[in-house]
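Chain naming follows the written order as A, B and C, and within any one chain the residues start at number 1.
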Amino acid sequence: MGKFWSILFLMVPVLGIALFFWAPSAGYWLPRDNSVHGYQIDHLFNFILVLTGVVFAATEGALFWFVWRYDAATNRDPIKFTHGSHNLEVIWTILPAATLLFIAIYQMNAWADVKMRVPKNLPPTVEVTARQFEWRLRYPGPDGKLGTMDDIHHVNDMHLPAGEEVLIELKSMDVLHDLFLPHLRVKQDAVPGMSIPVWFRAKDVGTFDLVCAELCGWGHYKMKGRATIQSRAEYDKWLEEMAVAQAATQEPEKEEE
Amino acid sequence: MSMPSDRFLLATCLGLMCCCASGCGGVATANIPVPSPDPKLSKEIRESSGTATTASAAETEATPVAATTWGNLSGKFLYDGPAPDSARLAITKDEQVCGKHDLRDESLEVGAGGGLKNVVIFLADKKVSVHPDYEATAKDTIKFDNDHCRFEPHIMPMRTSQTLQIHNSDPLSHNSNLTPLGDRPFNQLISENNAVTYQFGKQQNVPVMVTCSIHPWMKGYVFPRDNPYVAVTGEDGSFEIKNLPAGKHDFQVWQEAVNGLAAKPEWKKGKFKLEIKEGDNDLGTIQVSAALFGK
Amino acid sequence: MIKAIAVEEGSNLTTSQIELAKRLMSERSFHRPFISRASSALVIAALMTFVVGCSTENSHPEFRLNLQDILAKMGQKPEDFQRSGDEDARKNYAKLQFMATALHAAFGDPDDPYLFPEVQWNAEEKKGLDLRKIKLAAGPFGGSANGEQRGLFRQHCAHCHGVTGDGAGPTAAFLDPYPRDYRQGAFKFKSTERTAKPTTDDLKRILRDGIPGTAMPSFLLLPNDEIEALVEYVKYLSVRGQTEINLAIDLFSNDEEVEPKKEAILETYLQPVVDDWAAAEELVVRPPARSESQTEQDLRESIAKGREIFFRKDAQCTKCHGPTGLGDGNDGAPEKDKLFDDWNKEKTPENIAYWLLPKKELRPRDLRMGIFRGGRRPLDIFRRIHQGIPGTPMPAGGRDEKNPTGPLKPEEIWNLVDYVRSLPFEDASEPAQFESHGATAMVEHP
């Protein structure tokens, strides 16, 4: 029987690893990277995936071998007791520690790029305020400044210019939320009482998902928005239209449909 | 797994089931048997064509037997107990104007002679013939005033055919907010020495509360009825309804602190039947027990 | 397992030790038959309750009768329904049953809505409700046989607004303010005159923009046909609720007989409500035009004027919104003089038990938050001041031909609008509303 179980358990790593090879071709992989910095994130992801994959394969292999080799039904070797191997313990402590340290140092630049090197002298493109359960957006109005009377307010439908550095000021009105733009490799918690800068440069125009990645309450699933990346010209036109609509003192003729 | 964790499991399961069971219940108003629709009758209603019947029903309703003899009803409500102190109202806004007047809670007022003030007594019949004397005033405009940061009069009866004019005699703006049941709500700002008008669409069975949100202590009542047979007791607790059609009628008594005023034990929710004879009818002096007001 | 342990470790274990191990193992599995069986039965029962849940009950949900209004406003007491065998109680029960049946005849049930042909959408008269759209929003969540999306209302709205649209869904009690009770037919944020119903576009706007400062989220990204279906369903629930109240007033307050005939229900109780909804499109408040070119100087002057009007004793803005606009104008009032929505004001200690939700205070808007529930366009704020907010203490203050004595002239309202819009950015709003990381503050984030 032991042989049966060992082969059954071997299926876990075999199928698991096979799944990873099959998934990208079937479309179950990271969404298309549409940001300039995203390759760093993807590289780190792939690097750590391969590293852990190798360790996973080796560990699972060893497990299989032990279960196979020392099957109670067939194994007639006398039992052996050992008080452990000091050398072995040193090795399996130092090796992972060194690996972790390596990863910690290796990713430092990417981390600093996306979390610490706030672009200087870049006016915020949009202020995103997360609340249960929607994304409230505020764009600087014609005067180019946020926090003035002509600010443009919108909800859930984020528009951003392509090909330029974009700075989002992320806030939360109530609880923890998380601004997640998977195609732009952006994921940042929104913390009540804090204004957190998020910046990136989008490559191509298109419409992408904007979701909440922090369980924020019963309506978490409702916090689905849309990020539309547009050319500068189109983006400016959109902003202008919004500004006009927001300054309305008369009912517009009939809403567009 | 040891014994205590079994008990824990048991409790958890029971708790879980209780949660599930209570979760299904939802919010309940009151413990009243609630019927389901009758599918057979519902189908019949959908397929019915009842134009003729409603018309005839309306006809029969519209023609109450015209009365020829008329009677007056009078009486007096006395408060049976030590006269309560009406609390002084807290004037939190516009103290310079409203603070000058000694404004008091008017929900239960007892006059000098022990008379119970502001009791409303009205004819509750659905259809009644109206004495010709009332015709002249049927389309009048009735003034309800914001004066000295209170409503004057405190309770104002009127006919639905009449127009309500809410006036403001104070040197600042008031607003009058009223939400009659099944009728158009109203909430308008009224500036100094100005007035707004309101036309009721249907009669009410209890007086409609009028409030001023700017001065939230202000509270008054307007009582629109299709017929003119409504009286409000004065300082001495007395009232008179003139020219009622003779015959047996339903009456109702209302007081703002308790709604239906069961001044006599047999007056359930303040309702009673009375035969009006030609000439004067006296309800007599009615002693209203202080216990009814929780005093 | 025991055998394996024994064989592997045989050399070091005594027979008695093996026996002990065996006994321990067997005690674990077999010596507690009662508790084990009882608890496994319970686990299964609990799981079943979870799986089955409320589904048996909800598989065919019914509209909830409006007992709240009957008890709280129409002079009825629970005792009037409960005395068994009492004639009054039987009569009241029969009335309730008739009400439920009449409403079922006129509106169907949540899974299968119905409308008399007379109140269905009539494109020529621009009147009535679109049953096709209503059916799209009704029913349980999921696709129907022909692949159309159904159950939109239950998917998006019912958990707060309730299946009946009574604003008392399962999550309602946790929200401040409470979700709208459509049955009362009162809607706060709309473009029409105070007593009129909202227009279709008003409701669509609320669905798309949400109501900032409340729990009502935005449904901007829903396709237009779904938004329209939901709006039509909200109208349907509101018409149904008001018809119910109209019926209840005659049955319970006026003690009238209502004939079990379609015409009787349609003409007296239903048609007037549908007419009201149709009339709303004509009752939109259209403020007089403002000069297009407003220079910065003009704006500053307008704000200054607006500030004066804000403090004027005939405008009385400060009495609720406070002299600084923080919404604290009524803070000194005693408990009984607090401000409430109309539907909360009616709750008294005597009748509170009949209501679906506890009494909740209404705070006047803090104008310095920069949150405008009914929309932030100058047009929206103009309408709020001109017509007030239905159902709330905020009165209509605007002057026009229908209200010639209103204290605020249109130009004055525009000044007030400018002042109110400028309030969030006034110096008193310290700490500043916005603090930039990019342009000014060069603080490195940790």
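To be clear about the criterion, contacts are C-beta pairs under 8 Å (C-beta built on N, C-alpha and C of every residue); 3 or more make two chains touch, one makes a residue touch a chain.
The structure presented is a predicted model; accordingly, all values stated were derived computationally and were not measured.
Novice: Could you give the fewest steps needed to travel from subunit A to subunit B through chains in contact?
Specialist: Steps on the shortest route: 2.
Novice: If you average the Cα atoms per chain, which one ends up farthest from subunit B?
Specialist: A
Novice: Quick check for you: compute each chain's CA centroid and the global CA centroid, then name the chain with the smallest gap between them.
Specialist: Chain closest to the assembly's C-alpha mean: C.
Novice: Which of the chain pairs holds the record for C-beta pairs in contact?
Specialist: Chains B-C share more contact pairs than any other pair.
Novice: Which whole number of Å gives the spacing of the CA centres of subunit A and subunit B?
Specialist: The mean C-alpha positions of subunit A and subunit B differ by 63 Å.
Novice: Any idea how many Å lie between the Cα centroids of subunit A and subunit C?
Specialist: The answer is 35 Å.
Novice: Averaged over CA atoms, how far is the centre of subunit B from the centre of subunit C? Could you give it in whole Å?
Specialist: Each chain reduced to its C-alpha mean, subunit B and subunit C end up 28 Å apart.
Novice: Pull out every residue in subunit C that's touching 2 or more other chains.
Specialist: none
Novice: Quick check: what residues of subunit A touch more than one other chain, meaning two or more?
Specialist: Residue numbers touching two or more other chains: none in subunit A.
Novice: Help me check something: in the complex, which residues belonging to subunit C touch subunit A?
Specialist: Residues of subunit C touching subunit A: 4, 7-9, 11-12, 171, 191, 201, 204, 209-210, 212, 215, 217-218, 220-221, 224, 284, 286-287, 289-290, 376-379, 382, 414, 421-422, 425, 432-439, 442, 444-446.
Novice: Which of the residues in subunit C come into contact with subunit B in the complex?
Specialist: Counting only subunit C, the residues touching subunit B are 28, 32, 35-36, 38-39, 42-43, 45-46, 49-50, 53-54, 57-58, 62, 65, 67-68, 71, 73-75, 78, 81-82, 93, 96-97, 100-106, 109, 114, 116, 168, 170, 172-173, 186, 194-195, 245-246, 249, 253-256, 259-265, 267, 313-316, 319-320, 329-330, 332-334, 337-339, 342, 345-346, 353-357, 388, 390-397, 403, 405-408.
Novice: For subunit A, which residues are in contact with subunit C within the complex?
Specialist: 72, 78-79, 115-116, 118-124, 127, 132-134, 136, 146-149, 153, 155-157, 167, 169, 195-197, 199, 218-219, 222, 224-226, 245-251, 255, 257
Novice: Can you list the residues on subunit B that touch subunit C in the complex?
Specialist: 1, 3, 6, 9-10, 12-14, 16-17, 20-21, 23-24, 26-27, 29-39, 41-51, 53-54, 57, 90, 92-94, 126, 171-173, 175-177, 179, 181-182, 184-192, 194-196, 205-206, 211, 213-217, 259-260, 269
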